[in-house]
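Just below sit the structures, each encoded as C-alpha cells.
In what comes next, subunit A is part of two complexes: it sits with subunit B in the first one and with subunit C in the second one.
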Partner chain A sequence: MGFYLIQTLNAVAFSVLLMLCGLGLSLVLSLMNFVNLTHGASYLFGSYVAVVWLGSGAPWWLAVPAAFLAAALAGLLLDRFPFARFYGRNHLAQVLLTYGLSVMFADLMRLGFGAEIRSPALPDLLRGVVFVLGMPFPIYRLVLILAGGVLALVLWYLFDRTIWGAVVRASVADRRMVETLGLDTSRVFAVVMAIAAGLGGLSGALGVGMLSAYPGLDEEILLHALFVVVLGGLGTFRGTVAGAFILGFAMTFARVWLPEFAGFLTLLAIALLLVLRPDGLVAPRLRQV
Partner chain B sequence: MRPNLLTRRGVLLGTAGVALAAHCGAPAVARSEPLRIGLLTSLSGPFTSLGESMRAGLELLIADAGGQMGGRPVELLVEDDGGKPEEGLRKVRKLIAQDGIDVLGGVISAGVALAIRDVVTEAGLPTFISNASANALAREAASPLVFRPTKTSWMLGHTGALWTFQNIAKDGGLTVGADYAAGREYIGDFVQTFQEQGGSVGTQLWTPLGTTDFSPILTTIAAEQPSFVYAFFAGADAVRFLQQMQEYQLQDLVKLIGPGALFDQEDVVPAAGSAALGGINTFQQSPTAPAAHGFVEAYRAARGRLPGEASTAGYVTGQVIRAGLEAVAGDPSDRERFRQALLEQPIETVIGPMRFDPRNNQAVLDIYVNELVAGPDGQPLNTVVHTYAGVQDPGPAG
Partner chain C sequence: MRAHAWLLCLPLAGLLALFGGDYHLRFAAEILITGTAVMSLDILVGQGRLVSLGHAALFGGAAYVSALLAIHAGAGLMPVLLAGIATGMLLALVMGLVATRSVDLFFLILTLVVGQMVYELAFHWRTVTGGADGLRGIPALALHLGGASWPMSGARSLFLLAAGLALLAYLLARSFLAAPIGRALVASREQPVRLAALGYEVRRLRLLAMVFAGGIAGAAGALYPFVNLYVGPNLVHWSMSATMIVMLVLGGVGTLHGAFVGTGLYLLVQTYLSSFTDRWQLLIGLLFVLIVIFLPDGIVRPGWRRRQA
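Moving on to the complex of A and B:
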C-alpha cells in the first residue's frame, strides 16, 4: 500500500517536472505558433545559473527567481534578434534557426560552465525525507510538486483569465486586427518569449536537484518537452498538463512493473495515443496558416 | 617535477628541431623523424569530459617523457570521434591514410573500439584501446595488433562478486544497471561469479541509458531492503543515481557496490559529493594506489583535480607505448618485433604492474577494491582496501 502510494508520488513529481519543461515550449508554440528548439538550452542555462548561485553562498531561495530572470533576459534578447523576424515564417525556417542556435548555445555553455557534471549544493532543509507508511519520500520532490502546481495555476490564470492573456491570444489569432486597436503586438510577443524562456530557466533551476546539469541534458529535456506538448495537443494549457501527467505516470509505472521495457512501453503509449487522438489529448480548434 | 600546460606545449613544438640537431649522426634516418601517435577520443558528444581528461593524461605523460620516446621526438595528433562508431571509423581512416600515424591510442566508447577493430587490423597499425572495456575485444574480436592496457568488464564484475560474497552478503542482494552493452556485461559477469561462489542474487532491475528519474527503482529498493545493491551506471547517470539514493536516504541503509565507473574520482565523485560516501567499487586504478602516487600529484598540479579513469588511462596508454618503443629503439615499423617486445616485458604503470596476455593482447592487471571515505579535504576519496593481484580475463576460450 505504502509502496504504491510512494510510487504515485514519484510519478506526480516526475510529471510536474515534465509539465514545467513543457509549459515554456507550449507557450510559444501554441500562443505564437513559433517552434522554439532552444527551449532545452534555456532549461540547461537555468540549471547552471542555479548551481552557480547555490555555490556562491547567496540566499538559496533566490536561486529559482535568479534563474528565471537570467533565462528571461536571454529570451528577450533573442526575441529582439533574430526570433522576431521569424514569427511569421513557416515552421521549417523556425526549426532551422532555433536548432542551429541551440547547438551554438550548447557549445557556449560547455565553454562557460565546463563539460563536467555539475550538481547544486542544496540547503539541508531540502535534503530530508518524510516517511509515508514507512516508506521514504524526499522533501525536495514535495516542494517541486507544490511549486509546479502553483506555477501552473498562475500561468493558467494569467493567460486564460486576464485581459492581458486575451490580448496575447488575440495577437496570435489576428495580429493586424489587434494592431488596429492600437496595441504593439511585437511588444506582446517579446514579453511572451521572455516568459517562456524564463519558464525554461525556472524549470531548470527546480529540476537541477533531481537531474544535475551537464552538456547534452538540453537535448534530453527538449525531447521530453516535445513529447509532452505533442501528446497534450497544441494550443491548450490543460493539454500540456494532461500530456505531462500521462507521460510521467507511464514512464514511472513502466519502470515499476517492467523496467526492462520502460523505454519501449512509454513510446508505445505515446504512439497509441497519437493514433487515437492525432491532434493531442485536448484538441484545440487550431487554424493552420 | 611540475609540468604545466604552457611548457608542455613548448616542449612538444620545440622537440622536432632539437631532436634533429641531437641525432645528426644517428644511423637510421627514421630515428630523427618524429614519431606520430594518434589519439582517437571524444571531444564532443556524451563523453566529452572523459575525452578531455584522456587527452590531458596522455599529454602529461608525453611531457614527463620530455617529448621523446625510444629516442625519437613524439608528435601527438588528436581526433574527435564524438562517441559515434561511424565518426570514429572515419577519423581512424584519416589518421592512417592522411597523417600516416605510427601508433594509435585512445577510444572511450566500446562501440567505437569494435568499429575500428577491422580497419586498424588490416592496416597493421599498433593500436592501444585505453578505456573501452567490451569483453569481446579480449575474446572473439581479439586482434594481434590491438592491445588493451585497461580492464575488461569481466575483470571488474568478477572481482566485485568475489568481494561482495566474502565481505558483504551471500544472498538477499539485488542488481540494477543501465540497460546497454556495458551494463549487461558488468552485471552479467557479477551475477555469474556470485552464483559460482554459491551465492544467490535477488531481483535484477534494468533501466534505460540516460534515465533521468530513478525514483521508481529507489522505492523498489526501499521496499525490498536488500543486503546490498550491485549497480552499474556511468557519467551523469551515476551522479543522478547516487544523489537520488541519498535523496531517498537509502545511502546509509543499503551497501552499494559497483564497477569503478560508478564512483569515478574525476567524472562522478566531484559532482555527487557526499552522496558517494560509503560506496565500494572494484577498479583497475585508484588515486590512493601506491603506484599512482607521483602521477596523482602531477595531474593535480596540471589540472587542479584528482585523476579518474579516463585521464589515468591516457597516461597509462602513453606509458605502454613508451615502454614498447624503448624496447625497439623507437622503431615500431617491424610490427612483429614491436608486438613481441610488448608481450615479453611486464610494464610498471601508474595503475600497477601490467603484462599482456599473449592470447589476446589483453592486460593482466591488479584490481583494487576501493571504498569511498572522506579524504583530507572532506570530499569522498577512493581508498584502496584490498588488491586482487594479477586478474586475467578468461580470454578467447572463456
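Moving on to the complex of A and C:
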C-alpha cells in the first residue's frame, strides 16, 4: 500500500514536470503552429544553468528564475534568427531547422558542461525525506509538485484570463485582423517564443533535482513533451495537463511493473490512445475545407 | 531523370565497378542502398506530403531481420531480400494503420511513435537483437539458385547488387508514380477534400503508398547489413529518420533521383568530417541548418514548383 502511494507520488511529480515542459512546447506549437524541436535543449540548458548556479554558492532560490531568464533569452535570440523566417513555412522545413539546431546545442552543451551525469548541490532544506505511511519520499519532489501546480495556475490565468493572453490567442486565430487593430504580431510571437523557451529552462531547473542532467536527456524530454502535447490535443490547456498526467503515470507504472519494456509499453499506450482519439484527448472543433 | 543523366550515371557506375577499390566500392554500395531507402521516403514526402519520422524503422527493421536470418539460418540473397521486403511492408502497414488517420503534425508524431517502438524493441530485447551492442559477425552473402551457389561477399559484387537494387527500385517507384494510384497520391497532396469528393478513399491511398514505400525501404534494408557488417539500434532511431529527411531535402524533394544525390553528398560530408574532428555532430547540425536556410529546394530541382504552404 505504502509502496503504491509512493509510486503514485512519484508519478505525480514526473507528470508535473512533463506538464511544465509540455506547456512550453504546446504554446509554440498550437499558438504559432511551429514545431520546435529545440525545446529539449532549452530544458537541458535550464538544468545545467541550475547545476552551475547551485554550485557557485549564489542564493539557491534564485536558481529557477535564473534558468528561466537564461533560456528565455536564448529563445528570444533564436526567434530573431532564424525562427522568425520559418513561422510561415511548412512543418518539414521547421523540423529540419530545429532538429539541426538541437543537434548543435546538444554538442555545444556536451562541450561546455561535460559528458558525465551532473547532479545539483541542493540546499539542506530540500534534501531530506518525509515519511508517507512509513515509506521515505524526497521533500524535493513534494516541492516540485507544489511549484509546478502553482506555475501551471499562473500560466493558465495569464493566457486565459488576462487581456495579454487574449491578444496572443487572437494573433493565432486571425493574425491579419489583429494587425489591422494596430498590434505588432511578430512582437507577440517573439514574446511567446521567449516564454516557451523560458518554461523549458524553468522545468529543466526544477527537474534537475529529480532527473539530474546528462547528454541525451534533452532528446528524451523533447520526445516526452511532444507526446504530451499531441496526446492532449493542440490548443488546449486542459489537454496538455491531461496528456502529462497520462504519460507520467503510464511511464512510472510501466517502469515499476515491466522495467525492461517500459518504453515500448508507454509508446504502445500513446499509439492506441491516438488511434482512438486522432486529434488528442481534448480536441478543438475544427472544420476542414 | 533525363537521357543525359543516364548517360552520365551508367558509365560512371561501370567505371567504378571495373576500377574502384574495395573501400570505394563498399562506400558506393552504402550510398546506393541508403539512397534507395531515402528515395522510397520521397514517394511519401515528395508526392504525398506525408512527412514521416519513422522511415528508418522500416529500413532498419528489415536490416535487423535480414541480419538475424543470415546469422542464425545462413540465409542467402533471395530469402533475405524477400524477408526484408515483407518486414518493411508489414511495419509500414502497422505504421500506416496508426498514422494515416491523421495528417501533418499528427502524422509526423504517430510515425515517430511507431518508429520508436521498433527502436525500443531493438534496444531492450537483448537476447535477440543484441541490445545496445547490435549485431556483429554477419556472414558473407551468397546467392543460391537450384543446386548452385555464388558467393557475393566481395566489394564488387555487393556494389553491383546495390546498383541493381537502386535501379530496379527507381524504375518501380517511377512507374508507381506514373500509374493512376501515383497520380491520385499527388492529387491527395494538392486537394485531399476534392479527391475524397471524387470517390477516392484518401486514407487507403496513403496506406497503400506507405506499404509500397515500406517494401522498397525493406529491400534496401535487407542488403544493408552485408555492406555495413554491423546493425545497431541507432539505425532504427528517429534521428536516423530525420537524417534521411535531410538527405532527401539536400538532394531535392519530389524528384526521386535527387534522393541518391543527397544521400551521396551527405554521407561524403559525414565521413570526411568525422575523420578529422571530434565535434562532427556540431558540424552536422550546422549542415542541417544551412541546408534548410540556403537550399530549401535541394540541388536537383523538381519539375513542379513547390508551394510554400
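In the analysis below, the second predicted complex is superposed on the first by the 281 of 289 C-alpha atoms of A that agree within 3 Å, B and C clash if a C-alpha of one lies under 4 Å from a C-alpha of the other, contacts with A are read in each partner's own complex, and residues count from 1 in each chain.
As a convention for this text, a contact is a pair of C-beta atoms (placed from the backbone, for glycine too) under 8 Å apart; a residue touches a chain by one contact, two chains touch by 3 or more.
Values in this document were obtained by computation on a predicted structure and should not be read as measured data.
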{"item": "Contacts of A:Ile145 with subunit B and subunit C, given as first, second, both or neither", "value": "neither"}
{"item": "First (subunit B), second (subunit C), both or neither touched by A:Gly263", "value": "both"}
{"item": "Which superposed partner A:Met210 touches (first subunit B, second subunit C, both, neither)", "value": "first"}
{"item": "Touched partner set for A:Leu97, first subunit B, second subunit C, both or neither", "value": "second"}
{"item": "Touching partner for A:Leu183 - first (subunit B), second (subunit C), both, neither", "value": "neither"}
{"item": "Which superposed partner A:Leu223 touches (first subunit B, second subunit C, both, neither)", "value": "second"}
{"item": "Subunit B versus subunit C as contact partner of A:Ile117, first or second or both or neither", "value": "first"}
{"item": "Which superposed partner A:Leu274 touches (first subunit B, second subunit C, both, neither)", "value": "second"}
{"item": "Subunit B versus subunit C as contact partner of A:Phe3, first or second or both or neither", "value": "first"}
{"item": "Footprint overlap on subunit A, where subunit B in one structure and subunit C in the other make contact", "value": "260, 263"}
{"item": "Touching residues on subunit B, where the partner in the complex is subunit A", "value": "45-46, 48-49, 52, 179, 205-208, 210, 212-213, 215-217, 219-220, 222-223, 235-236, 239-240, 243-244, 246-250, 267-268, 270-273"}
{"item": "Complex contact set, residues of subunit A against subunit B", "value": "3, 6-7, 10-11, 13-14, 17, 110, 114-119, 121, 127, 129, 135-138, 140-141, 209-212, 214-217, 220, 224, 251-253, 255-256, 259-260, 262-263"}
{"item": "Subunit A partner contacts - residues on subunit C that touch it in the complex", "value": "45, 51, 53, 97-98, 101-102, 104-106, 108-110, 112-114, 116-117, 120-121, 123-124, 193, 238-239, 242, 245-246, 249, 253, 279, 281-282, 284-289, 291-293, 296, 308-309"}
{"item": "Of subunit A, residues touching subunit C in the complex", "value": "29, 35, 82, 88-93, 95-97, 99-108, 111, 219, 223, 226-227, 230, 234, 260-261, 263-264, 267-268, 270-271, 274-275, 278-279, 288-289"}
